[in-house]
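Note that the chains take the letters A, B, C and D in the order they are written out, and that residue 1 is the start of every chain.
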Amino acid sequence: MTELTLAQGRVDRDRLLRLLQEYGVYGGVAALLLFNFAFTDHFVSAENFRTQAVQVAPVLIVALGMALAIGTEGVDLSVGSVMALSTSLLSLYLGYGPWAAVLVAVAGGILIGLANGALVAHLGVQPIVATLALMVAARGLALVLLPQLKDVRDPGMTALGSGDVLGVPYLVLIAVALALLVAFVVRRTTFGRQLLAIGDSRPAARLAGLPVRRVLIVVYACSGALAAVAGILATARLTASDPTSLGTLMELSAITAVVVGGTPLSGGRVRIGGTVAGAVLIQLLTTTLVKHDLPPSWTQMAQAVVIVGAVYAARERGKR
Amino acid sequence: MLAVTGVSKVFPGVKALSDVDFTARAGEVHALVGENGAGKSTLIKVLTGVYRPDTGEVVHNGTPVRFTTPLQAQQAGISTIYQEVNLVPLMSVARNLLLGREPRGRLGLIDFRRMHREADEALRGLGIRVDVRRPLRELGVGAQQMVALARAVAIDARVVIMDEPTSSLEPREVRTLFDVIRMLRERGIAVVYVSHRMDELYEICDSVTVLRDGRVVHTGRLADLDRLRLVSLMLGREIGEVRSEGLTKFTGSHHASAEPMLHAEGLTVRHQLRDVSLSIRPGEVVGLGGLLGSGRSETARAVAGALPTDSGRVSVGGAAVRTGSTPAAIRAGISLLPEDRKAEGIVPGLSVRENIALAALPSLSRFGLVDDARIDRIVDTFVKRLRIKSSGPHQKVGELSGGNQQKVLLARWLALHPKVLLLDEPTRGIDVGAKAEVQALIDELADDGLAVLLISSDTEELIEGSDRILVLKDGAVVDELTGDAVTEDALMRAIAAEPAGSHHD
Amino acid sequence: TGLLTSLVLTTGCTKSEDSSDSDKAAPQQGDSGQQVASPSAGSGPACTIDAYGGEKLDLKSATVGFSQSEKEANPFRIAETASIEAEAKKRGVKLLTANAQSQFSKQISDVQDLIAKGADLLVIAPLNSDGWEPVLRTAAAKHIPIVTVDRKINATACKDYVSFIGSDFVEQGKRAADEMIEATGGKGDIAILLGSAGNNVTTERTKGFVDRIKDKAPGLKVVFQQTGEFAREKGQSVTENLIQSKPGIKGIYAENDEMGLGAVNALKGAGKKAGAVKIVTIDGTRNAVQGIVDGWISGVIESNPRFGPLAFQTLDTFTKGSEVAQDIVIKDSAYTEANAQSDLDKAY
Amino acid sequence: MQPDAVRKVTDDDPGPSRADRFSALAQQHGAMVTLLVAMVVASLSFDTFLTGDNLENMALSSAFLAVVALGMTFVIVTGGIDLSVGSLFALGGVVAAWGSQYGSAVALLLPLAVCGLIGLVNGLLIARSGLAPFIVTLAAMLGARGILLAITDEGSRTYLVDKDSFLATLGQGSLLGIGVPVWITAALFVLGAVVLRRTRFGQYVYAVGGNEDAAALMGAPVARTKIAVYAVSGLCAGLAGALNAAWLLSGVTILGSGMELEAIAAVVIGGTLLSGGFGFVSGSLVGVLLLKVIQNVINQIGSLDSAYQQVVSGAFLAVVVVAQTWLGRRRRVL
């Protein structure tokens, strides 16, 4: 009898831990929300939530691409620079109208992604170094193309940055749509399965005849395209192209969002829901610290603690 | 010497061990047998501190112990050869062999000259000659296993545990291994021996413990059990049932048509293959014989496009296949069941279902979208047909026992409806029941008109399973046995035609 | 690299929004130059080549090394580098340049590289005030005169370096405070958008501002200080949070124009009217001055980046053997509603 | 330049075939070859390149990054990564400068203690809790920067090192015309090479990186090894920071951003596999020097636009890494 209840308790604890592992990020988001409801003035307002959603949108979009790259046991450090490049291209081609400019900007992102993918898939360069090289080069390129900040006055872009549908800003709608799209791709398509298999065991995937190189190239191209989209949205919001500072350290924020969201860096698994929650968690955290006017030293230390805490809660528990 | 009492171990979804008692005595070779997934490897990992048991305790020399790391177990004099080779491929043979016990000279720095000498001596003692300074990964799986053996024996151990050590060894090396085991027994060391090969068990073991579904169903002297009884204990079926099925499931010969299905010519890979040609007709099983490192795996890999060739042609049903490309080979209908299932076969993090569907995905999806219903049907068929034991199609393959992983891989390839099936050690590490099933399956597939290439270190299996055997040596075909010449004697003679192992420095 | 070239090639057919914009943005050297706040060199401590050590030389035949601290990507740095380069060209002096890309370690080795390459004179725009010891030692050993522009280094003038030319950041902060007091009437809650942490421009502009507020307008309360890292985007997102958690905010002091423009964006996005929240910034870029004209910004304190003429003149005077001032503080103007429209062309 | 120990140990590696040996050499010395080529080209193009002053400058300013890269090499050989080194480098410098008011011993030991401790915590979280190194050290990077800001009044205070202290001589002094930091760096590299190649700990480092599970089953103290390498990395970063502060005579607060990526790039250019299990200390030194030479060449050109500088160094990085991967490929695929 007692043994039974003991076993029961054990199982419950196991399940609890598993739940924590699966849904820890969501718990973290909820906790931060509760804290803010209780202690932050003027937090509960539609306007505020809109602001938070708009601010998180670019990071989130970049994190989606990053999640794919991480799913293949890779990483894409060039995303921040791709954002800068896309803002440069956007500004340079805006004379042809917003659509053309957007196309060029996304094409630029895809090109950088292809270069990443080619280095990784065809030349076998480690993703972290390959994308590091392109991170340096793409930022430089962005600055060569557009040496300094330039205002964007195109009405289309301005509308993109500040317009909304039924009170939901375009930026947020686009981010949500992209998140759903990526989630669908990962779950329901052949490409998604192949991506995960490649991330889990590259040799096995190769021997199973999967198009390893093609998948890798497409993954990095997607990551580049998404980063470019994020760059466009950030530009629209800022109503200026600022290739110097746009996207700096974005790669780290995106990786953090992905990992805090429960996607392991070792590949073979992609959690889009978690990634969204991870991005929101980081956003809420910075907001909370800013709203309470804490000095930068605090901000940085608090971020460190929260990142470790979140990842610790979601860690794979030992098999022992 | 080393014992466990009342040990249970639960993995999510599986009870791997329940209330197991087991004792290894000094100077005795104790066989641990059971079907795939019976819990043998798990028990061994509990004994050596890799897993912590949920209940029960480990008793070493009469005192309860709690090893929390393999290191502690090792320090207590328990050394282990694990089922899958567990060495560091990038490090040299000598460093692997002596890791943690490097001879040290002045200032506590490692004395490499002595280290290489010691490693060389240890391996020579087991009858293998390799350059101990080379990275381990350049050795074949069998040679790696011998290094692991050398490592385990070299430690001054009181208990030596071997989890399927012979699954990748040649007969010659198996004999070496048995000599080593006998020597250990004479020295009063307790040996725990896991194997699916009946002959070996009866040759070397003194006592036996049979596990079934995580429970001990029998413990006692091995001599008191005959083979049929042992098998029936393992499988949990009546003796009569087992007897009627026989021990190997090969029927012998097949009716092969005249036109070869697979034709490979002049395959050459620098340092590995020299001008290997072979052809297989539909419905024919061709065996590849040879010693470790003779290039059997390389041949299969070259045919399947997994090993880029320097020259050579491959064609299926008369149509040329681009070499060096796995997708091309697969499209042409060539499937390879790789030798190293852990590293190159399974995708451990994906489920049974996804692993089975992996290679066939493009044909199981529409417009790039996965068709779940069709996948489910196929997975269902194969899980039933191959009797894959798992807690469900959504269990991760990495959590299955070795034999079941192998079946999942077979299912992956069969789902592609290949024309040519290349099987590299298909029954390695598979229990008698499953082995018979796989063998029967190979027969059946050949009868269905598949061209099968069979690589096996199990001579019996090779002889009985193949219609024809090509013998390889140093990456070249040296002999071909056909018809009545397919006998163990002939094979041995062909392999031993020149003194073995003389080709290396 | 093929990719890079192709990307570069694509720029051939670019067409940005309004081409006239680029003409306007081009640095205007004409009116430029700087005026020294304390013109009489005699008033402050002075320095001569005899006191410093080294030999007289002719600037025309000398090689001048210029070490820039940050990428020429913001208006200030662009104007600064352009001004130096233009002046060197005008005087026919050979100029070597290096850019530290915001990495201090790189700036140190940059300057040493310049010395190794044979620079006879150095103009340095320091990224940081401290940590110049290695450079100073090398320069001293070779008696290379150093002039630092826009930021001072913590060392002994006329011994370690010749003179400093630049603005007084504390003073800029104070003047910004004056503008803020005037704009807000000296009462209410205000916020500061700080520059990058650990940067002494940030520190000094904050100090000047806060001190002056304390002195002159105790009614103004600084209720919010967050870093906008000198970038528009960061300034915008911080301000967005600010105006939601502190709706009653009266004024925002941005330590550079970019953050101030970000704040303007945020206010616009939140549906505020121009002038509802008073914004004071420092730098004097064209965009910010335009902001005054449009009514969003109340005042811009100038920080003049056109160091070229003054720097070369100082070097010329010094190498000829005459004495130069150790601290050449330039006179920064200010833009307010009164003069923004008319002085728009003076902004860089 | 190559310490004796390194040479002696590396020649126990060559494989049996000539081609194999060649690619082994190429992988080990590919960076070295590139470095030599770059230096020859640079000295032919610029007559101010191969001067004593210029070489001395390059050596001295590479020294600090080299020490950081040394620690990073250990981490990367275990298959990990340490992103916190840049922040620790800055923190080490600030702490050293702060401590110098209590004497040079404090100034030297305090940064070692602080940064070593943070490294240790990194190691504990990675080894004991199984968290990914990337994310743990990323957090440490933020945390260490936060600590730095906290002890410098949000970066507004710079602590100075007394010119006449022993610490200052460590940074400023020179021996046989070569700066003391360069000597210290050289000594550390010899020590690092010996530890990695000739001690049992070194063997464990390789084993853990080569196959962690196998290493554990072979009885290697996996957790302890991992903890140790992160502690070593922290120590190296702290020491480099302290030496740098001694050189600059102040604890500059804005140092070290982006340094982690530079160090990683140097290690990888030096032939160490990011996936772990293979690599050598001497390569990392060559990698650092190579990065320095590129930077120097860009400065030699004189007036390259800062944006183009970045394009050039990114492209160069790509070329070197591709060359390195290509040279090492044959060996790796086998």
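Assume a residue touches a chain if its C-beta (ideal position, glycine included) is under 8 Å from a C-beta of that chain, and two chains touch if they have at least 3 such contacts.
The shown structure was predicted, so the numbers you read here are calculated from the model rather than taken from an experiment.
A.B. asks: Tally the contacting C-beta pairs at the A-D interface and at the B-D interface, and name the larger one.
C.D. replies: The greater number of contacts lies at A-D.
A.B. asks: Relative to chain C, which chain has the most distant C-alpha mean position?
C.D. replies: Of all chains, B has its centre farthest from that of chain C.
A.B. asks: Taking the mean of the C-alpha atoms as each chain's centre, how many Å separate chain A from chain D?
C.D. replies: Chain centres of chain A and chain D, defined by C-alpha means, are spaced 30 Å apart.
A.B. asks: Mind checking the centre-to-centre distance between chain A and chain B? Centres are C-alpha means, answer in whole Å.
C.D. replies: That gives a centre separation of 42 Å.
A.B. asks: Starting from the mean Cα coordinates of chain B and chain C, work out the distance between those two points in Å.
C.D. replies: Those two chain centres are 71 Å apart.
A.B. asks: Could you say which residues in chain C touch two or more other chains, in rising order?
C.D. replies: Residues 4, 71-73, 197 of chain C each touch two or more of the other chains.
A.B. asks: I need the residues of chain B touching at least two other chains; which ones are they?
C.D. replies: In chain B, 50 touch at least two other chains.
A.B. asks: Identify all positions of chain D at which a residue touches two or more other chains, and write them in rising order.
C.D. replies: Touching at least two other chains: 148-149, 154-155, 305-307, 309-311, 315, 318.
A.B. asks: On the basis of the stated criterion, which chains touch which? Give every pair.
C.D. replies: The complete list of chain pairs in contact reads A-B, A-C, A-D, B-D, C-D.
A.B. asks: Over in the complex, which chain A residues touch chain C? Could you list them?
C.D. replies: 40-43, 45, 47-48, 51, 55, 91-96, 104, 108, 111-112, 114-115, 137, 141, 143-145, 147-154, 162, 234, 237-240, 242-246, 287, 290-291, 293, 295-297
A.B. asks: Write out the stretch or stretches of chain B touching chain A in their complex.
C.D. replies: Against chain A, the touching part of chain B is residues 11-12, 50-52, 304, 306, 326-327, 329-331, 336, 338, 343-350, 354, 357-359, 361-362, 365, 368-370, 412.
A.B. asks: Could you pull out which chain C residues touch chain D in their complex?
C.D. replies: 1, 4, 68, 71-73, 95-99, 101-106, 108-110, 112-118, 127-134, 137, 154, 196-200, 202-203
A.B. asks: For the complex, which residues does chain D have touching chain A?
C.D. replies: Chain D reaches chain A through residues 81, 125, 129-132, 134-136, 138-143, 145-150, 154-155, 261, 264-265, 268, 273-275, 305-315, 317-318, 321-322, 325-326, 329, 332.
A.B. asks: Would you tell me which residues of chain B are touching chain D in their complex?
C.D. replies: Those residues of chain B that touch chain D are 50, 69-71, 73-75, 80, 82, 86-92, 95-96, 99-100, 102, 104, 108-110, 112, 116, 131, 133-135, 137-138, 151, 271, 505.
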